[in-house]
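Each chain gets a letter, A, B, C and D, in the order it is written, and its residues are counted from 1.
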Amino acid sequence: MKLIVKVFGKISEEIGESEFMIEKSDNIASLKSEINTIYPQLKDLKFAIAVNKKLSTDSDKIPEGAEIALLPPFSGG
Amino acid sequence: MKLIVKVFGKISEEIGESEFMIEKSDNIASLKSEINTIYPQLKDLKFAIAVNKKLSTDSDKIPEGAEIALLPPFSGG
Amino acid sequence: MEKTRKPKNIFVEGAISPEKIAKSIANHATNHEIGGHSIFLGQVRADAKEGGKVTAIAYTAYEEMALQQAFEIREAVFEKYPLTCMHIYHSLGEVKVGEICLFVFTSSKHRKAAISACEELVERIKNELPIWGKELVSNDTSVWKENT
Amino acid sequence: MEKTRKPKNIFVEGAISPEKIAKSIANHATNHEIGGHSIFLGQVRADAKEGGKVTAIAYTAYEEMALQQAFEIREAVFEKYPLTCMHIYHSLGEVKVGEICLFVFTSSKHRKAAISACEELVERIKNELPIWGKELVSNDTSVWKENT
């Protein structure tokens, strides 16, 4: 089961894509280490992870078919 | 020696003039009682007195040729 | 050399139009140090009064004193906050309900200075400028407004 | 029955024009309960960067999430302050220096609610909406902006 991960701002620029596919993880912590394996260049970047358009914490479970997004620090306004 | 007293807002409406002449007083306190004698209808109205465009207190002296103004509570904006 | 500022006229005959506000905003597009503008607009309300509703406010002022006070407020606020620009406009004469009677506009590099300065200006304008509003009521009476 | 509000689009393609702001102000002339409007405008600054000056900011957003967050902020601020109206507009795409990229507009019967609500909205918009600004620099480089 794969999930779509949308990426924005500096992260999108860094990996040259606006989204990628990834194997579903149980929770955010394991998703993060998965992402770091695929894209080691993201290791030093600060970002939050949204699950279904809500900010998540490391222990949050990831539901089936969730929409994941990697969000660098906001800079609107 | 007479002084011109400018009046505004409700006070102007009350006495039907935008200014009047009054005998010069030494200080604001005595000017006030002078005004109350001429215009007893002002007794119940709240107003500040400006001397040369500055708010005054009762003990302030009144200089020769000063411009006096009676100012009801402000309501700009 | 210190830049010396002189009292500016703040009074506008009648209502302040949205076009005047737009023009004032547009005038700041050439200042590339500005990061934020804060604007306050006072609008005339149709408050209920004995016997009717407010239809307009007629403003009068002790103009010379008001301009001098506005100048002192302006200087004090420029001293307190790092502002790029500051504009104050107040109506004289009749302003109908729904129309704008006060326009305060501050600009700064960063938002916080512009916002705080604008708020402080509005309070000081209401409390310290010798301006009077007479509320004209639909039944042809009138009430002198008092700021609270 | 409770009035239910739905998410509104806050995004505008490119800069926000002074004319749009004027029109928005003019639209409130028919609401005779409004006594004060508070407006905040964000303007793009020509900050100095390594090798040049900022010439524009290119904005992108996680739009669906931003609209949902904006809706929640909107509801919370309506709950907290007695407001008549609230409008939020943010640019997407390129906005040049001197142009307006954010327009926040609150209206209320009394000034204090409008002013406090506007200030709170600006802070929350900057902190909570997934929007990113990429500063385009005159030497053809770019820097990702970070709100502080």
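By definition in this document, contacts are C-beta pairs under 8 Å (C-beta built on N, C-alpha and C of every residue); 3 or more make two chains touch, one makes a residue touch a chain.
The model shown is predicted, which means the values in this text are computed figures rather than measured ones.
> Would you mind naming the chains that touch chain B and likewise touch chain C?
Output, common partners of chain B and chain C: nil, no chain qualifies.
> Compare the CA centroid of chain D with every other chain's and tell me the farthest one.
B
> Report the inter-centroid distance (CA atoms only) between chain A and chain C in whole Å.
Once rounded, the distance between the two centres reads 48 Å.
> Just the number, please: Cα centre separation of chain A and chain B in whole Å.
Taking the mean C-alpha position of each chain, the two centres sit 72 Å apart.
> Could you please state the distance in Å, as a whole number, between where the Cα atoms of chain A are centred and where those of chain D are centred?
Between these chains, centre-to-centre, one finds 26 Å.
> Mark out which residues of chain B touch at least two other chains, giving numbers and ranges.
Touching at least two other chains: 77.
> Which chain C residues touch at least two other chains?
In chain C, residues 42, 111, 122 touch at least two other chains, as defined above.
> Which two-chain combinations qualify as touching?
A-D, B-C, C-D
> Please output the residues of chain C touching chain B within their complex, sorted ascending.
42, 59-62, 64-66, 68, 90, 101-102, 122, 125-134, 144-147
> In the complex formed with chain D, which residues of chain C make contact?
Contact set of chain C toward chain D: 18-19, 21-23, 25-26, 28-46, 97-100, 107, 109, 111, 114-115, 118-119, 122.
> Would you mind writing out the residues of chain A in touch with chain D in their complex?
Per the touch definition, chain A meets chain D at residues 6, 8-10, 13, 50, 53, 69, 71-77.
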